[in-house]
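Just dropping this structure here.
Note that the chains are named A, B, C, D and E in the order they appear, and that numbering of residues resets to 1 at the start of each chain.
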Amino acid sequence: MASYIVRRILYAIPLLFLITIISFGMMKMAPGDPTALMMDPMIKKENLVAYQEAYGLNDNVLVQYVRWLGNMVQGNFGESLIRQGVPISDLITARLPNTLLLMLVSSFIAFLISIPLGVISATKRNSLTDYSITFVSFLGIATPNFWIGLVLIMVFSVNLGWFPTGGVSTLGEPFSIWDRIHHLILPALVLATADMAGLTRYSRSSMLDVLRQDYIRTAKANGFKNSTVIFKHGFRNGLIPIITILGLMLPSFIGGSVIIESIFAWPGIGLLFVEAAFQRDYPVIMAVVVIAATLVVVGNLLADILYAVFDPRIEY
Amino acid sequence: MTLPNQVEFTNRPTLLEDHQLQPHDSIWRVMLRKYMSNKLAVIGAILLFIIIGSALFAPWLAPQDPSKQVLLDKLSPPGDKYILGADNLGRDTLSRLLYGARVSLLVGFASVAGSIFIGTVIGAVAGYYGGKLDAVLMRFVDAVISFPSLFLLITLVTIFEPSLMTLIAVFAIFGWTGTARLVRGEFLSLRSAEFVLAARTLGIRNSRIIFSHILSNAMGPIIVSATLGIGGVILAEAALSYLGLGIQPPIPSWGNMLQSAQNPQVMLGAWWYPLFPGFMILITVLAFNFVGDGLRDAFDPKIND
Amino acid sequence: MKKRFLLAVVLIMTLIIAACSDGTANEVEKNQGDKKEEAKSGGRLLLGTTAAPTLFNPYYSTDTSSSTIEGFIFSGLVTVDTDFNPEGDLAESWEFSDDGLTWTFKLRENVKWHDGEDFTADDVVFSYNIPLHEDYIGPRGLPFEIIEEVNKVDDYTVEIILSEPYAPFITITAQFEILPEHILGDVPIADLGKQAFNTKEPIGTGPFKFTEWKEGEYIQLDAFEDYFKGKPKLESIIYKIVPDTNTLMAQLQVGDINLAGISPQYIETAKKLEEQGKVEVSTGDSNAFEYIGYNLRNDLFKDKEVRQALTHAIDKDAIVQAILDGAGTVAHGPGSPANWAFNPDMPEFEYNPELAKKKLEEAGWTPGADGVLEKDGKKFEFVLKTTSANEIRQQIAEVVQQQWSEIGVKVSIELLEWSAYVEQTSPPLWNFDAIVAGWSIGSDPDPTWFWHTSEIENGLNYNGFSNARVDELLSKNTQISDLEERKRIIAEADAIVAEEQPNTFLYYVQGSLAKSPTLHGPEFNAANTYYKIHEWYFD
Amino acid sequence: MSNLLEIKNLRTHFVKNKRIIRAVDGIDFQIGKGETIALVGESGCGKSMTSLSIMGLVPSPGGKIVEGEIILDGVNLLDLTEKEMYGVRGKDIAMIFQEPMTSLNPVLTIGDQLTSVIIHHLKLSKKEANLRAIEMLELVGFSDPTKMMKNYPHRLSGGMRQRVMIAMAMSCNPKLLIADEPTTALDVTIQAQVLELMKELSKRFSTSILLITHDLGVVSELAERVVVMYAGQIVEIATIEDLFDDPLHPYTIGLINSVPSIEGEIKRLQSIEGNVPAPGSIIQGCKFAARCSHAFDRCWIEEPDLLLMDDSRAVRCFLYDDEEANV
Amino acid sequence: MNSTQLLQPMEQTESANKIPVEPILKVKNLKVHFPVKAGIMQRTTGYVKAVDDISFHVKRGETLGIVGESGCGKSTMGRSLIRLNEPTEGSIIFNGNDITAMSEKELRPLIRRKIQMVFQDPYASLNPRKSLGNTLNEPLRAHNLHGNQRERDERIKELLNVVGLHSSSMNHYPHEFSGGQRQRIGIARALVLNPDLIIADEAVSALDVSIQAQIINLLEDLQEQFDLTYIFISHDLSVVRHIADRVGVMYLGKLVELADKAELYVEPLHPYTKALLSAVPSIRSKGAQTRERIVLKGDIPSSINQPSGCVFHTRCPVRMEHCKVAIPTLKEVKPGHFVACHLYD
């Protein structure tokens, strides 16, 4: 398995390389001058040129790419165009933990709710329960995420006052776990709903697949109770494809954070990205895009490893 | 001339008697039967039919010019004058919904058509020829897929300005990866299917094998993913609209109609305004999903009941 | 809000708190004075905004959020009061020579930096020399071009020599705060923009000292005990960054924010909250106007009558009522009622589509087969550009598009992302037919920037407006230090501009400020919302 | 020889596309204690569904036992509750399946799978169950059973997996072992091994075996009596000697003659013309008539009953109907 | 050339039968190896020797049976003969043409018309999206045979008749046919270009016994009728005995024995062949004595790690010391009887 893991890791390297090329390429397609936004229209022309010179905006594209990549490999993402003098890595390190926390918690919620639902749906195939779960999942897929978020804020935060309207913690209050959880519940829930629906559908079909397998018949023929058959023999097998699905869902999960963080004022990289996008802060946009893609690659890597842990058939 | 040994076969007249052959079903009819047995899929198809129909006939169905503003009537509730109320500029919501359907569906269909095309070509090439080409193409797909799509969409939309054409292009350019993987998978498995081998041994040309033998059999999953993809694009456009990066007003799309209702004032005071575009998005995406699900079952040879 | 000089407010893209000066300002002050004795000190001001600041160094930042916070941390030589009158801040008093070229500032003594050091003339000399330095890389060079040299007379006296008389000069000294020479003096000017000082450890002489910047969440400032005007009553200010206005409103409603500017679309919501007793809203004209600008390089708009006709076709009142919910005053010319130089008596082109049609017909434009006006086979159609970043301008564009269509003018709307919009509308491209835009006027009302011929090539006169009389008046206005005289000159220039209608002036922006009822002090003000912030307090 | 299992008039039906498929259409037969009986027929004849009916594992929804009795040691299994059946499956009746590659759970070790069955039915401790499992593995011919316990199924070849399946099936001393095409998926040389093993075990534990297969060769190796099925019905029951020496039913005859022999030369194979009827097709008269070279008028109209020829012999064909003989 | 002529045996074939001439197919030292990639860098660490140094020839008009257990490489070998798998080494000479290295373009007029294949799985071997008529029409069009559609339809109808299907079934799709009928379609498709050699890869394995017999009979009839040469690949020794003239036995990619069927089945020489034959369960009938059964121990080794020396030595009941080291070669020990075993050195 070690060799399998090492191979997966090595495989990720060219992927990351391609990711940087694509990100950089996109940025360079931008027609506008990034300095336009931040410049006082009354700036002296010499100053503008000096400024562009100082930020290397006039160099050859390849030179810019190599410089950027080289710096990035050393953890130096450069500096924000807007927030002069602030290393982007500072911005990222301040924001990333929030995003990761949100994602971990919401994926946990998604798992906790949707996998059992999917399993129930599969074992009670074509029953009323199955139809209800299916319908609700479809509803979940079809409802715009941000809409759920806004409604929840209006109802639970503004009208009922049960939850804060946003942010990671109450400002100025001393740190408390409860306070953090209190702030986390709504955004995590909304982020979870988006993928919960899909995950329920996937775990249903994965479980249905498993329940059709011969070894399930074997277990039944051995006289095991239905619940034993489903959980001991079915569940783990059903879980394996879901792990892969989870890896595949990661991009949409991280993508969803853009919206959720915007709605809930959650200071993660998604919000940073939106801010940067509106300000055309290219170095920040690039950095976040690369980080987000890297997160996906790393997440997939973890999924692969998890896969190998759960599935003894993976040995090489 | 008579064939030698034909006598051998004359004692088999019953071979093809009707009770031996299953009722003369075309594949399409079999699929239709499977499809019709999925209630939700049938409902979805009916809904889509209505939605697409009303989009096509919007100019005849719309009670008013969708861009006609009566500022004094802004945020009128549903009633006689405005069946579904009026928006924040006093425009008729129903008319805008109908015209918005055209835009939302156009974006959905056009961008999915584009991404299906790109994805199919790349997936087919990778899957059929395999080897190094496949490896390179798939690495590229992996890399593109690693970008959370919303990040890509936002980046590109901010770079290129969110016009109708850019949105379609951006959705198409980054929506193809799923199809590419899917098509590649189909090609890989169909490439070694016995009927393809048979076609090769018969000297059928590669191009014909790809199109007539492999692609026609991979069409099912492609259509399914396209169906689901349209729903996805409509949702994504709405999400972009939320950030103000979707289809730009005054062209009405359901996404930007919903977006202009993102305002506590509206949400509390004029609930009908965000309700209807939201509902249309929901229903349409739901319908596409139902249809996709039904098609998936219909195309799946494994599921026979 | 001294920083609102000029350009900060090209960026009134969306909502930002604007300022006002109506008669109530003095009254408020009095009230504050009355309550002073009973006021409890303490309390935390949660100031909500949708725009994150960038850095705290007035010579490098350009955005409103940063300027606001700089105003808390630093002090300038002067500040402006609620009526745009310059008032001594670090400078106790100032005087200028008869030729208007030499300005002498007498500095306050016993002013402490946040780190305990004394403030001296060296700090002023250092600060004002930054943008003059040849290595200076930053966006703020232009206002300083007028300065010839900055000299230290003694520890508490500074002399500034200008290259020509310039009346608005005093507002520049209000806009650019003083930085500590003892900390930054040794830093090469080229590196100054990237100092950790700017973001992590700014040291000023202002009422609040920087404590923490929680990335993406808030900036915390705590009261500076040794503030030279007395220790602020507020314990701290938390400048909270909220991603969008919806969230801002929600947070205001539940009390997670106790002070925020309200953009016009949300004014009704804010009023509702006020009815519920959750907030108090104060409103006033801000120092800005919104307009539809015509590119006079375009043949379509060369004729004054045509421009006037276009204005006649627009129902400004409906726009103000429907889009702004009344939160604006219909405008007929440039300037702002908030400003002392405002001319209330300018030519008006009221809403009258029939008259518009008539005027256009006189100008040779007659309806074609499709109802669109034509002249010499050319149709009256053009592109109206605005930025997608501003919802109100977007809606205005849609309304105007429709109203123009009623007189046979065909307009298509193009929404541009902000920086692309700036790039396309400004020199040297001027790639637009018409735009929906807005200008904020600086602390000094000088209109030279917008209308003087010399500003066409590389300035803010995007329209390409040129009028000899206006040029003459404007050139004079900055040379004159007498306010009444200056006001008269500016009024005349503004009236000519209004007559010429290079823009359809739509309305004067109204600003609103919502605060928690327990917070005392803040009132909406076009000149300086945060005037005397050290005296604000909570019950 | 007393009967271990009696099946009386068993009917198992399916609903597919709103059509009723009579997968098992009224079958009766018995299995004696210690007897090995083979259920033979081509695909779709209902032999596998018979075995699933006995196990109470008819796939549901869709399938249903509509009539009949399955009496094991005097108890009608169809009267038992699902909970009571848990104690029967794997304990009294064990089963091995055709596909050894997929019939074992891929994520559990061989040991896990074996011991869990043993603990479930024999109520042994973990340790005792382990010993028992090792013993069983040894019995089915693994030289290093302890090591095998820790293995996962994917490391084993098909033959080894089928041995594990047999070990699992035999681990609780079942009264009846149902072997559904146990060697079909195996290579000849491996098939030989497994057949040897089954023979040995059945002798040793005197377990009754219901062997389900389409391969007459395998039948001849293992079975004592044969039940031939066609289209959901039994067409002939005979001892193995009678069946091969003197098959009665035209279908049985056709079946035997259509198999090429490894022993010697046959000039031309005799084939049964036509196709196996599609499941669910409704056929009037004898279900085999359409393919039968002896069919006469009556066969197209009436359906023949299963005629008892003697104690061990029965055939469903009008050719052996006395009434016909009289005509 | 009209359509019916095509169905007739080729004239030159008939005359060729009279003179003992070149075999229709000669295979020399054929190897098909697949690289095995392993380790972190996915280097090629070894080869699956699916087909390892096999030589034989096929005489015109005969049926050569190839038997072996799963994984012995018989299918790969069959496919490599028509270049569906690329041979790694060796040569394949068909009708005097070396086709081992020909381009697809060169293969088309020659091999793609003259060698056809019948596949195992009657479900997978037909394109479910094509009607029977289309399936049979396509190759005719691809090779520009039978000018117009009417002629081609005629030809297809005749073909269907020949394989025992009703001509009305042209418009039906594969899913409407039973397994046996589909296999007839597969055979019709193999015949449509009028080939000389047909490779039948487990052509009857997936069928029920009663149907299997029909198809075997059909294949035999067709061979006689069209003077076909067959390579009949199967794991079923009984079927091969019935249909083949000569039989080759494969084990782990090697041809271990090759002889006339009479000899091979009655007097097998290779220990593997002996074990294989004895393992086949057969219908017990009166008088026929049951042969002594040799039950081989253990499993077939994986083809990635082939045993050294004689590949069979790990399971061989009569192995000798040098079997582990020395690779036996296929030698003619009796006229027409080849065996690769050190016992006969």
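For the reader, a short list of remarks on this structure follows.
Definition applied: a residue touches a chain if its C-beta (ideal position, glycine included) is under 8 Å from a C-beta of that chain, and two chains touch if they have at least 3 such contacts.
Quick caveat: nothing in here was measured; it's all calculated off a predicted structure.
The minimal number of chain-to-chain contact steps leading from chain B to chain E is 1.
A comparison of the A-B and B-C interfaces places the larger number of contacting C-beta pairs at A-B.
Greatest centre-to-centre distance from chain E is found for C, with centres as Cα means. In this assembly, the chain whose C-alpha centre lies farthest from chain D is C.
Mean C-alpha position of chain B lies 48 Å from that of chain C. Separating the CA-averaged centres of chain C and chain D is a span of 91 Å. Note: centroid distance chain A to chain D, computed from Cα atoms, is 53 Å.
Shared interface positions of chain B, i.e. residues touching 2 or more other chains, are given as 12, 15, 20, 22, 158, 262, 264, 268.
Multi-chain contact residues of chain D (touching two or more other chains) are listed as 273, 275, 278. Among the residues of chain A, those in touch with two or more other chains are 31, 150, 154, 158, 262, 274, 278, 280.
In the complex of the two chains, the chain B residues touching chain C come out as 67-69, 71-72, 74, 88-90, 158, 161-162, 244-245, 248-250, 260, 262-265, 268-269. Residue ranges of chain B in contact with chain A, taken from their complex: 40, 139-140, 142-152, 154-156, 158-160, 231, 235, 238-239, 242-243, 258, 262, 264, 267-268, 274, 278, 281-286, 289-290, 293. Only residues 245-246, 249-250, 253, 265-266, 268-269, 272, 315, 318-319, 321-323, 388-389, 391, 394-395, 397-399, 401-402, 413, 415-417, 420 of chain C touch chain B when the two sit together in their complex. In the complex of the two chains, the chain A residues touching chain C come out as 31-34, 36-45, 47, 50-51, 54, 79-80, 82-86, 90-91, 94-95, 98, 150, 153-154, 157-158, 161, 164-168, 171-172, 261-265, 267-268, 271-272, 274-275, 278, 280. On the chain D side of its complex with chain E, the touching residues are 42-43, 157, 159-160, 187-193, 195-196, 214-218, 220-221, 240-241, 244-245, 254-263, 265-266, 268-273, 275-276, 278, 291.
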